[in-house]
Amino acid sequence: MTRQDGRAYDELRPIKITTDFVKFPEGSCLIECGDTKVLCCASIEDKTPPHVAEGEGWVTAEYSMLPRANRERSKRDISKLKLSPRSAEIQRLVGRSLRAAVDMKALGERTINIDCDVLQGDGGTRTASVTGGFVALALACRKLVEEGYLGSTPIRHFVTGVSAGIVDEQVLLDLQYSEDSRAQVDLNCVMNELGEIIELQGTGEGRAFTLTEQQELVRLCAKGNRELLKIQKEALGGAL
Amino acid sequence: MTRQDGRAYDELRPIKITTDFVKFPEGSCLIECGDTKVLCCASIEDKTPPHVAEGEGWVTAEYSMLPRANRERSKRDISKLKLSPRSAEIQRLVGRSLRAAVDMKALGERTINIDCDVLQGDGGTRTASVTGGFVALALACRKLVEEGYLGSTPIRHFVTGVSAGIVDEQVLLDLQYSEDSRAQVDLNCVMNELGEIIELQGTGEGRAFTLTEQQELVRLCAKGNRELLKIQKEALGGAL
Amino acid sequence: MTRQDGRAYDELRPIKITTDFVKFPEGSCLIECGDTKVLCCASIEDKTPPHVAEGEGWVTAEYSMLPRANRERSKRDISKLKLSPRSAEIQRLVGRSLRAAVDMKALGERTINIDCDVLQGDGGTRTASVTGGFVALALACRKLVEEGYLGSTPIRHFVTGVSAGIVDEQVLLDLQYSEDSRAQVDLNCVMNELGEIIELQGTGEGRAFTLTEQQELVRLCAKGNRELLKIQKEALGGAL
Amino acid sequence: MTRQDGRAYDELRPIKITTDFVKFPEGSCLIECGDTKVLCCASIEDKTPPHVAEGEGWVTAEYSMLPRANRERSKRDISKLKLSPRSAEIQRLVGRSLRAAVDMKALGERTINIDCDVLQGDGGTRTASVTGGFVALALACRKLVEEGYLGSTPIRHFVTGVSAGIVDEQVLLDLQYSEDSRAQVDLNCVMNELGEIIELQGTGEGRAFTLTEQQELVRLCAKGNRELLKIQKEALGGAL
Amino acid sequence: MTRQDGRAYDELRPIKITTDFVKFPEGSCLIECGDTKVLCCASIEDKTPPHVAEGEGWVTAEYSMLPRANRERSKRDISKLKLSPRSAEIQRLVGRSLRAAVDMKALGERTINIDCDVLQGDGGTRTASVTGGFVALALACRKLVEEGYLGSTPIRHFVTGVSAGIVDEQVLLDLQYSEDSRAQVDLNCVMNELGEIIELQGTGEGRAFTLTEQQELVRLCAKGNRELLKIQKEALGGAL
Amino acid sequence: MTRQDGRAYDELRPIKITTDFVKFPEGSCLIECGDTKVLCCASIEDKTPPHVAEGEGWVTAEYSMLPRANRERSKRDISKLKLSPRSAEIQRLVGRSLRAAVDMKALGERTINIDCDVLQGDGGTRTASVTGGFVALALACRKLVEEGYLGSTPIRHFVTGVSAGIVDEQVLLDLQYSEDSRAQVDLNCVMNELGEIIELQGTGEGRAFTLTEQQELVRLCAKGNRELLKIQKEALGGAL
């Protein structure tokens, strides 16, 4: 099978990370994965939610799509007075993924909120939000160090995310919308720089999948995540 | 490590499925997994949502916890005017899992809604909702056959769900709350009767996990799901 | 007229109160009045709402029906973003009824919240909520005594509730749904153990009723409440 | 005991009904009971809600207080995104009371909505809403006749409402706020012109009350309702 | 062109301001501009919102229409769970206009809330809300002085509002609904007693308008505002 | 007075309009006015709201700020369950402004929705939304022509918007945030290509302003709008 855009089965779309795309957040980037574009903004607040232990910090995320990020316009959440359940699911995934990157004691009593707003969606927006959200998070932590609030970064390791899936019985890395919309199996995998898994979500709505297939998909994601890690490091100038 | 309730590392909690716990739904059961109790009710409606293709059916799920299902009372969603994001995430998982069980063309233009209401929560409520929700769904489909609306059941295969995790560096099947609340890794796995995966969700908030660990957790879930399958079959009187 | 289930005109349905049906609340019971099943859970909180005088306590109630408690599935409140007006009316009635049972100064600066969740509804759910809610409330107060927070129970007297109505021009005690849905007059009466009235709500949508009829209905309720009182006392082991 | 405003124990406050206080509704009046002022507006719509039988009409009510109708300003419902539960309770009472006045088959497939907006509240707003709401309803029905939509009024009988209570162990008719706020027992009674009961709501939050006391309160209300009936008839020019 | 009600092009409708129309607010009036009737109530609260500087006060406004203030009944905001965007726009205008009237330091740490509830709407409700709202505000400030909380009124100057428009190519002052609904240009102008502008809002949905036309409309409004000022002064007994 | 960024008092900030910034909408642009960045997307729908006359079209707008568009992060509307009143006010202004540009009969039974999402806000976002929104609208109309749905564009004239204000007693064109936040008078003016006014909103919260000052501000806006018109024309390649 040839992919619509000529990519190899294990090839990422072109990835571009523009840091400081907007100027007010403590850290921000625009991440582009092919035609998917997500604006990720990190905001630091000097307090934590009630459930957080004293002396520790917190990281959380919000995810939303602009009304015309997609082929069809969708109504704004506020018009329906409901957070889209899909957005709720995704922002919980992004939040858990990014929390795994941070030493909460080292962060101290602060909350970093990562806003992931999809300007254009062409598949893979949730993993792009993880990968781009990490860059915004790292930049915000760097600012805490630069401004003397922290002695060193509270980031424990890099975090990236990518999807893989089975389309027409073939495994493919980094599905774009035209592939995603007819995938039999879809798997999202968030990893740290050691290639260990932080979040794994596999779904077989089209058909169920075997443990062997699942492993193959994770290995494909591992390859993609290694490449995303390099791109993140470049975007961050080589260091946290 | 000895488990608090004396179970082996790969042992399910006692499971009990009481069918027809309430009398009005087209199918219902109370599923008890240790101290976790979920009431699952299937309701049939003779229409489908707009996105469903003509001639096909739909299966969806709603999940909620009663305010005092837990150690602390939680406010009702309606008091906060927001569906809990955790509930949103879970009901999407349950819905996808149960849709995978059904041949939508065979179901015809009907929606089956599975309400999963947690009366008491002690860990594993989302996978109990899948396992119990399947029983309610199968009973509702049986009723469609018995009442002559369908010639045979539209159920394609059984679906069960169970969790496994890593606690104190040890893999454990079917975490109860006291284990779940300090788990390093938590993985939910929904399977069909062939042992194929339908949904897989693994999370490492405590620490990341390796692909090898992940496989071990899935294998543990596969064992649990095989046992749940037997219990489902008994509850359904041996046949769909 | 013979009643559908063979009861005498002044006969209650079979009543069953299962205390501690769930294990986390400070007090709980499942009350079954014929096919009506309501789970009543009492939760204690160590603070009171702003309008409560210093040094005094508060008792309040919430009432809800599970979506498939009835013949037809109803949408959840959160799907409509509105507390059902009927639920609002009922939980105010239950709250007033149970507050009347308690010496608020003796309770001290605590709130006891009674959640009444209807698992199955077959008429009389509001009065079942009062009768079962009282048991949950009494158990929670007992716990406050047993754990040494209070020297003696703040309960002043038992509280029970029952309905009566006029169906086909005949007065009947404890209407079930098939009677209730075609009643000409419906009257709910909450009483204390002295047979005094705490709440009285009579409605004639079918036809108006005379003061004489109203008195007859209250007397019928008084009989039912005396029997419910005995059942409450048994459920509570004879003492508050 | 002397009442603050010098009234006898069985005396209504001065009642004034100004019809057509506003000009757009199909029927309207401002009802003043002492310092309580409620604007009642009837609106006719040429369709009915789904639950209404074909060929029949429907009557419903909405009740609200202006933010500064009381001693303290209260927030608008829309600021809290919740219909006040008290308003929900009251508008259900008013709706049931006014439905009892109308022959729904004679009304035909129309809905009459009665908006009761409290401009100033000094006790008895719910019964003032019933009494004033009836006048607005009757005027709207008269308009249907005058404009040829109906051959005769669908009103079956007049409906009035009034409260009585026990204050300092003494029964009193038509409680104003200073009495109501310290009443031991409060009873609202809606009646038709034959003195039959349509709605009866008695509450003993201060103390329980006997059946004898309850009867005395209803008799007091019957006296008040007879007087309100005369005032309604005058306001309507003697005829429906 | 002759106006429907015989007014000259630069003539206001009959204006009537009834102070203390309701008795609980610290200041209130019913303002009638022809058939437009708005109840304006001022409430004083001894605290300010977070954004207000220490030692200073705040003035804000809320605007709403009763459901049957108009030819057609409109649903209540709470039924739609949304503040009408039109109301949001108007209450911001009224709030800004009335804040301009007050010396916030002289007011001290208090909030005055002006509720403008339209009982009947026949065009010009927003400017009637400004003109009547000012009277309510001034009365509340007077009360602060009379009760000794302030040494002198914090009102800096009178504030009035009126509309003008172009209908059938002719400029007209104070549009009533029958004119407003077919106006080509509509302009609202809020002024102080020196004839200076506080708020100016001009809209050309029918057609655009020239700067010359705009000036003519403002001059017409200035004339109307001078007359409204006299009426306000009379209503306030000649002094602030 | 020297402006912070060295501009002359009557000089616009650098304006940049990037058309087709995102690829799915029927028309879109990113408009940058200095540091203010607004993404404007036009979506065409083949139906109109109920209030629109048969055979005619409709244009409407929605406006929102991303949470971190500003110096401080603001909560999303959906978190507060309320459309920000400021957004409501602005989107009504943008909608009226853009409707004035279109011949609704020529548009036919279609709705064009203009989403204006502020990515970065530094003053003047509402007028930037008008200016950029017009470009998105014009592109969408062009697409209707190119795809053969319309014979010629339904745009009647160009529409641009800009603000002016009085800061430190000096009139200034196109206020940026640092000026806007301490402006004495702020005036927004939307004009067509003939220099006629479509929307005019002037506010004097700091101090009132004279008719002469108002005229000067409008003239300044007229100058700015003429320059914006040129930039729009360039962005659109010279033709509608």
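In this document, chain identifiers A, B, C, D, E and F correspond to the written order of the chains, with residue numbering beginning at 1 in each.
Keep in mind that, in the parts below, a contact is a pair of C-beta atoms (placed from the backbone, for glycine too) under 8 Å apart; a residue touches a chain by one contact, two chains touch by 3 or more.
Bear in mind that the values here come from a model prediction, so they are computed numbers and not experimental data.
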{"item": "Chain C to chain E, fewest steps along touching chains", "value": "2"}
{"item": "Minimal step count in the chain contact network, chain D to chain F", "value": "2"}
{"item": "Between chain B and chain E, centroid-to-centroid distance (C-alpha), Å", "value": "59"}
{"item": "Approximate Å spacing (C-alpha centroids) for the pair chain B, chain F", "value": "50"}
{"item": "Whole-Å gap separating chain A and chain B, where each centre is the average of the chain's CA atoms", "value": "27"}
{"item": "Contacts with 2+ other chains: residues of chain C", "value": "81-83"}
{"item": "Neighbour-by-neighbour ring order, given that chain D leads and chain E comes next", "value": "D, E, F, A, B, C"}
{"item": "Residues of chain E defined as touching chain F within the complex", "value": "81-83, 85-86, 88-89, 91-92, 96, 99-100, 187, 191-192, 194, 196-205, 208-211, 214-215, 218-219, 222"}
{"item": "Chain E residues touching chain D - in the complex, by the definition given at the top", "value": "22-25, 28, 35, 37, 39, 41, 43, 45, 62, 64, 66-71, 73, 76-78, 81-83, 113, 115, 117, 119-120"}
